[in-house]
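Given below, in the form of structure tokens, are the structures.
The same chain A turns up in both complexes below, where it pairs with chain B and then with chain C.
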Partner chain A sequence: MKEEKQQNISTKKPRFWRWTVASIIFRLILIYFPKNLNLATRPEVSTPVTSLRRLAEGYWLTQSLMSPYAGSMYHGSPLLLSVLGPLTMKKIEEQPFHLLCSLVSVIADFICAMLIRATGLKLRMTYCERLKLLGLGKLFEVSEILPSEDIAALVYLWNPFTIVTCVGFNTTPVENLFIILSLYGACIRVAPLAAFGWVIASHLSLYPAILIIPVILLLGNGPDATPRKLFLMCKKDEDDSSSKGRVEQNGLKELKSFSWKPVVLFFVWAFIWTLYVLVLCGIFMRNYGGLSEMFRRTYGFILTVKDLSPNIGVLWYFFAEVFEFFRNFFLIVFHVNILFMILPLAIRLKHRPCFLAFVYMAICSMLKPYPSVGDSALYLALLALFFNELAEMQFSFFLFCGYVGVSLLSPVMHNLWIWRGTGNANFYFATGMAYACFQIVLVVESVSAMLNHDRKIRKLVAAT
Partner chain B sequence: MAEAEDESAKPKPRPIIRLGLFLISHSFVVSVVCCAAGVFALLLLPVLAKNTYISENALMPGSASPMLSNDDVSRARAFVNKVVSFDTKSDSSSIGLQELVAQHITDLGGEVNFHRFLPQVNKFNPLHFFSSPDQGIVQENYSCSSYGINTVGFIRAPNGDGKEAIVLVTPYNSVKTSTGEALSLGIAYSIFSLLTRVTWLAKDIIWLAADSQHGEYAAVAAWLREYHTPSFGGSGRGVFESNASPTTGEKRHNDFLRAGTMAAALVIKVTDGSEKAERDVLNLYAEASNGQMPNLDLINVVNYLAVNGQGLRVKVEKLGSLLDSWWLRSLGELFQKLGKVARSLNPQWNFGISVAEYIEGTATLASSLYNQALGVPTGPHGVFRDYQVDAITMEISSKRLANYKNRPSELLLQGGRLVEGVIRSVNNLLEKFHQSFFLYLLTSPNRFVSVGVYMIPFALLVAPLPMVAASLFADASRRNSGMENKEVTTFPASSDIPAITFGSWRWLHAAKTVFIVHFWGAVVTLLPHFLSLVPDSAPLTNLITWIVLSASSLLILQVILGSSFTLPSMTHTRGMEWTLLKSVTIAFACTGLCIMSVINFATAEMGALMLVPMCLMSRPLRLDAKAKTLKSFLRAGCNVVLTFMFFPPVTYYLWKGALVGLDNARIGDFWNWVESLWTWNSATYIYVCMVHLPCWVLCVHTLVYPC
Partner chain C sequence: MVRLRSILLFILLFKSFGSIIIAEQSEEFSEALLLRPLPDRKVLAHFHFESKIPPTRTHGPHHSLFPKSIYQLVHKFRVREMELSFTQGRWNYGRWGGYDPISSRNAKPPGVELWASFDVPQHQVDASWRNLTHALSGLFCASINFLESSTAYSAPQWSFKSFTTNVRYGTLPREAVCTENLTPWLKLLPCRDKAGLSALMDRPSIYRGFYHSQRLHLVSNEFDLAEASSGMVLEQTLTVVLQPVTLGSGMTFGSIRQPSWSLSSLFGRKVSGRCVLSNTSNVYVQLEPNLVSELKSTSAMQQESDVKNLVSQAWSDMSFEMSDSPVRVIKEVYGFHKESSLLYEYSLANSSDSRPFDLEFRWKRPVTWSSQLAPLQASRFLMGSGNERGAIAISLKSVGRSEYTDSSDDEDGRCSLRVDVFQVVPWYVKVYYHTLKVYLDERLHSLADVIERTNVSPSEDKVSPGLMELALRLPCDVNSVILTLEFDKGFLHIDEYPPDANQGFDIPSALIRFPEIKTKLHLFEDKSSCKSPLLSKLQEESPILWYTEVLLVPLTTPDFSMPYNVITITCTVFALYFGSLLNALRRRVEEEERLLKNKATKDSSPIGVLLSKLSAKLRGKPLEPPKSSASSSKVSYKLILRVILVAGIAVAWQYFG
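Moving on, here comes the complex of A and B:
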């Protein structure tokens, strides 16, 4: 967290590559000492859904011709099992088992960072273009626009949460990769790629399914759809001006319509990919109870909050306390909570689909039954994409201290409860609640900063 | 924090925000008041201490009359005589004494096995705190020839299911057994001989006669580690166990024997009482590693039985040098008077405390705080706490020891009945100890300060930190926005478009400095590990190497990381950077102290006493020099003195000088102290290196800041 902020300040390209390589090397060094760090067993890092140790168990079960879901150990996708499973068993030259899987994580992290960078570049270019179109070119003279794509990529690579997740022997880096892939595909408006990323990400961890809205908006409107009102305002002011107005009119025409073609294409491809994934899963599961068994053991496990072992979320404690006959009711309440927020946010932030994706991911990581720090790593990187827009964000220092404090306090409280026996579950749950609160403050503050920024631009447009 | 920025924009913010703004704007007064109140509340703790009570009803101490008979005692006496005479007559075999003990246990009908272990070198493992104790299994090299051999005896409970156990530990030196050790073995033997016959036993009894020739702690630790790490498959096990008894070849149990989970453990010791006490004294030691304490109920039971049952005088450790200090006496008198006044106002206000009581209480409290803060266990009971077992050391200090030959039975009877009573109480437990407190400080054996009370002084001490940080932060951002406004007016050309200023991210620069220094703290923490790899170096050399390496690594880090990033738009306010830097420093000091208070409260309390004034006072000396007023000179002087005093080595020598005098202090002592901290895996060491030292460096940085 701390380090990541340091990176915000970097500017030049060679420096970017130097720090990228450094982060990769740092990871490679860390994966040689997994026993000392013992991260794979930390509840903050690996959840029942993402743990690779569970995946290895599931793979072992399939090797002995049993259903991978027998014994309620593994809850991930069968595809992941057949891709990563062999890697958990393979040993190269006396190296420990985890090495290959960890290497996959490192590579996933690297690709992820590169995709973030490409997305960020696209976003920043459109942002600058729009500003110029709106006649706010002067803004570049008085203030500089930082290369937010580099910042975001470095934030992702050097965020301690990402590093811990990468070294911590779990599948979160791969899941994050597909989420980013779908956003990237949507940003460059390649519908098949976006559909592929979206389908796989939803298949792996279910919650990215709600990203369908930002993806559609991205495909339809382009990465940064400035509200039409602004251009109208701009046009009205400069009706009489000759050349500039015409340029803007051209721009306006270009922007006007929500292009349905890529969206339809996206749906077609999404259908194809879904079918493909389902067929593959069906083939895998044909001896173990078919697709229904898979749905019950993966999505069912996530949605009904079966595993109540402590994690950094808030649901485990709640469902450990709640009476059995209220359980279904509260399950519905908590999941509808996420769904309720989708529509209002989509309406308010429809002109900034990528930012909308950040908000969705942050809300999901708050209300997920099995959250891990890897989710935070993802949304923090997405947040850093908007470093220029969020320059005036309030409480940044407070939030920073909060994240640092909570991420240090949480293991201590866990130790106090589990190993020392002098604390109790409330100690640990308190840090989980504090973490959720900080996430809420982060979302609220960043959204309000973003809206303030838009308001400021509108004012400037009105003034010129 | 940043509410202050839009203070002018919003005419009437909500009351809670207004309260926050009020506190932030008066942060100086508030912090002075809070700190003074914190120190005062700390001194008030002995007055606020409550009497202990036995919280778990199932314990029922003293409800049964002791069953230990003279028969058991006379048998134990014979055993003690054998142990003492054994020591003198045969030096030929090193295993002889263990064999004697084992033989006696078998004769009583208990099971025996030997546990052979190697003295393990304490290794520094900085992550030990966050991991389970079971991970400490280290591959040792078995070249060392001097094994220690523990003798472990078991009684299987007739009424139990074998899932729980109570442990008795008697450390003794198998090479040269002293009378006290022989007597402690005798006490355990008498209990053992009683317990093999009783019918009420519901938990197994384990008697660990720990071979302390390599230290008491190491012996108990080795056995406990083996006990809690069952090895499957059986490769490499022979090292730890001896299948047949070494001298006679008689067949013993093949396996490492176990009973269930441990409900409690008692370490029994007998020492020669040199004091002129008319009664025998029972010293209680309870502090385990990192300031953990056993459940208060265990201490209560022992205390209750010792005082009411056996007429012993129970004592806990005191800091002797505090007992005759004049300021404590006058403070005690003040509190006594206050208590009297309060009682005259309302007879129900009963918090008066006599001067002697206050001084005793404070001395005990200070020792309790000190031992917890060091994080080094005060005896072999400390190991048990790492496995969540409540344990306590009972040291019976008797002046009759010198001439015990005349009347040994009395001591054996007294000690034996006490232990019997405790075992009987613990035997009644249905669950593990959980009713009473785990977090407390003792002010006397029967008075304690619970966590709810002792957190108050700490909270008061730490409260100014976030407030001052917020006020400095708001101050800095206000000044920045003022500056920007000025700039905007000087460049009227660009005034129509306000620039994107990274106003709220300006702290990043200060955070970078703070991060580098804290990162350096981590480097400093790890350096002794590498220094200790160099064999046979003097403490002084090590200390100097450590300091030199640390200083150079700070410089290197500064060069590598410090120059890496600068945000161009953030450079133009260099003069006022120090307020932001101080704000970030204070915020991190606060975070560090709060986390430490959860890990080891006593360390955090002592650390806060030093860190809070130092951090709050720091201010560039040049500013004070420019001001040239008496106040600023005073402040600068205070700053220099505080920073000098709280440099960790200086603090250590001052502390030592205050406690024992500096007459025979050597410079290398500090290294020895640090080494002892990290070999015991004390979190205090990590605190000093990763919180205190970086904050000290940052304060020095603030002091010499060019303005």
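Moving on, here comes the complex of A and C:
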């Protein structure tokens, strides 16, 4: 029986690599037909903030000695402009310009998947370790715990959302890469790496800034585990019985305390990286109005929802229709909606920082003004990391069908409204609404499933 | 005392009288009308009025002929040069010509076009422009004040007009031009439309035309300190293209119909005399060079001896005749072409009420000819479908003649042609300037070889329109040039759409300019010809201009009837998110169970039971009542008590609050 399982595991590894390579080859094939696919201009794929076409325009403007932000086209980071900009102009042997940029996103996707896998491995190891420490190792056999890291990496690589994002030129893969990098750095408790990822990710797309809470929790407490209370309960039992070994108890003591050292280190490094990024941006922007202009054109553009072109979110239509004198009020309300949920979630899920990061990312991708399917791809991959814990999640089939249905209906409605002129904006907005609702259900259900899971473990610990 | 006062009064009177005399000496007004038969059987009528005053600095602020409103406008806003045109219809460059001075000056884009340059410091230009638009809007009963908003005007650098700074340019392509705009324009003339040539402007007949453009061009050197300043010159022109009525009169030759025309048949009126305030008052009939050569060749064919006749006795040619004999015939001395145009001059000096002037132009036989065309025929169109994105294409097609371009050679000796393109796009058409492509003879060409100079100021959302200026250097033998630019269509807020949102939005005309090819009439440097301001104007060199079509861009519209639905539904979704997530976080199953167990075991006082019931109700969990018998009556009793309590609080609030 055991041999069989080991064989299973050993055969699983090559299969994983085979699928990874296959996904990359699939991407490379798709890159050669970008004109036919026309993904770069899809509203689901590229938003005004992430579109590489706009980046090319910004780069062209800097080449002709103008500010890249002149003309309300480009709203990304100046650093990205100086890194990716030259790639948009270069042509290799008459190949279209997008080839190099697409290669960059393929590489970013691959690294991202690898980092997810490494993070997942770390998470699973801790999970198993903790279960053993709690004396539940026998209950959860090794066979039952699936290799969630492989699943998550493959989910990320083979998710149609990711593939579409990778092939349709935009900067989302790079942004996702930095988010994952920060989580990975925090997971392996390397504060400089975590700080670097966090600073760059927040600089590129602002919303990852709220990941500071999970990153700190990860650095302080270590990767996701069962609630600390359980160990206390467990310890009490052990004190009574004093039958267990000393070593385990020492391990538990270590786990108990919140280690401040990496957190302080993280803050120091975050400060250094922020300074570094700001200085670089300042040098880039010195002729174009300085840093204030950059903040106004990037973060200001994101926060004030200036572009009302349709996307899969809900805010564009709302702000296209809402009365001008209510605009500021609703801007505040919608942004505060994101901030309000940060604290309750952090309190309730403080023992599971990675899962907390997933919930934050999902909420952001639901409520941000310019969402794209690339954001969903990221949080779906993070969700797959908790494959074992969330096995008992409700409505998962319903949600799956909902995601498939929305991603099929939304392009149809868009086509009817924009291209054929027979539909109406309301139909397209309705698919956006449905998408938002499914995301809400997903977040709520996964959170309650996770809490239930912890409850179950607690019950089991209490029972033993 | 009385005497002193009378002396003072006398002195005052004398002074003012003297100043009037000085003003009359130097103030000038002149009127002229130029008529030209067009190749497609239509007639071009070009009215030209010019008022001049000497500078205020040397001659004082008094004037009698020059319109006071314009004078005040210039002084208030320090306008150096200004041109305002109201146009209906589109000038047909292919048929009516694109190479002569009249078309290059008077062919204007549809709607209102206004440009002005100011003699103020750089930072005040925009404020001056805004004030000027408001003043002109009031003056001409038009919505020129829409040009005030910064999304409507732009500041061209060099492609629109060379060697001027502080220029602002704006157009309103959809402005409807009508008689309400003409009346204030006529009010600026000293004789209004009561006497002189302007009496011909019968509203129904001039608005029936195929093209109608009233223009006001102002040049002022008032603020120059140099001695040679010439004061202010106000040039008012009205260019109309009319279709002569073909009621029996005229020649029908096969399928070709060549209607004859007269002033009375074109305008429905006759000129009963000149405006007495004008210095010159002339009517000209111009025959285009191609028509002259055509006439020459046909008359040479028919009557070889009468070739000379054309010039000497031209008004009674073989092909046409005119009712009056001209005062003189002016022949162009030298053109780029072998042929030159002819001008017949008539004076209005002798006409009066009893003997009104009515020129009649009768064709004796049909003649076909074509007008002189611009070196490249420009047109602009949209590409792509759907309401998400598209592309603007400007195509320049060669007319297949190289004589225009002979004069401009490169340093390398290669013949080349310079073309300036000036294009303004509104902000909701988001142009990607890096996608500019140039196709020469339908093959993609590198930009660096063709484009000599560029100036792009990209549009900013809700702030400024996009402006593109390109200087192209094309080889002479090029057949077709196509410039393409991709754009995304913007989405506006519901309030920013005009009432007829589904009609689409206009992209103003682009201006194609050939700065190296100048056009003018080459007349004898005769004193008498210079006396007429129209002729001297036509003899000034001007670059060839070509306004392209106005493009109509349909933009996607949201549902205009749904703001409340959208607001409520979106807010509901947000509430759903917030409520359900908070509920999921708040729920503690074990504690509830434990609590219930405790309650069940304890089974204490009825208050405790009620409390647990209340908490269970608040939590939305049905509670298994330990004793189900008395509970219902207790609940109702409690409910009544609660209602009474709430009502009491409400009454107290109402009473004390």
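Criterion: the second predicted complex is superposed on the first by the 440 of 464 C-alpha atoms of A that agree within 3 Å, B and C clash if a C-alpha of one lies under 4 Å from a C-alpha of the other, contacts with A are read in each partner's own complex, and residues count from 1 in each chain.
Throughout what follows, a contact is a pair of C-beta atoms (placed from the backbone, for glycine too) under 8 Å apart; a residue touches a chain by one contact, two chains touch by 3 or more.
These numbers were taken from a predicted model, which means no experiment stands behind them.
Enquirer: Quick check for you: in the superposed arrangement, does A:Phe325 touch first (chain B), second (chain C), both or neither?
Expert: The answer is neither, since A:Phe325 touches no partner chain.
Enquirer: Which holds for A:Asn38: it touches chain B only (first), chain C only (second), both, or neither?
Expert: Only chain B is touched by A:Asn38; chain C is not.
Enquirer: State whether A:Gly421 touches chain B only (first), chain C only (second), both chains, or neither.
Expert: After superposing on A, A:Gly421 lies in contact with both chain B and chain C.
Enquirer: Just chain B (first), just chain C (second), both, or neither: which does A:Phe400 touch?
Expert: First partner only.
Enquirer: Please indicate which partner A:Ile440 is in contact with in the superposed arrangement: first for chain B, second for chain C, both, or neither.
Expert: Second partner only, chain C.
Enquirer: Please work out whether A:Ser309 is in contact with chain B alone, chain C alone, both, or neither, and reply first, second, both or neither.
Expert: Second partner only.
Enquirer: Looking at chain A, which of its residues have contacts with both chain B and chain C?
Expert: 419, 421
Enquirer: Please output the residues of chain C touching chain A within their complex, sorted ascending.
Expert: Checking each residue of chain C against chain A gives 385-389, 427, 430, 432-434, 454, 456-461, 466, 488, 490-495, 556-559, 562-563, 566-567, 569-570, 573-574, 576-578, 580-582, 584-585, 587, 589-590.
Enquirer: Residues of chain A touching chain C in their complex?
Expert: 41, 53, 56-57, 59-61, 64, 66, 70-73, 306-310, 314, 316-324, 333-334, 337, 340-341, 344-345, 348, 366, 417-419, 421, 424-426, 429, 433, 436-437, 440, 443-444, 447-448, 451-452, 455, 458-459
Enquirer: Touching residues of chain A toward chain B in the complex: what are they?
Expert: Listed in rising order, the residues are 2-3, 5-11, 15, 36-38, 136, 138-139, 141-146, 388, 391-398, 400-401, 404-405, 408-409, 411-413, 415-416, 419-422, 456, 460, 463-464.
Enquirer: In their complex, what parts of chain B are in touch with chain A?
Expert: Residue positions touching the partner: 1-2, 5, 127, 129-133, 135, 292, 385, 388, 438-439, 473, 494, 496-505, 507-509, 511-512, 515, 561, 564-569, 584, 587-588, 591, 594-595, 598-599.
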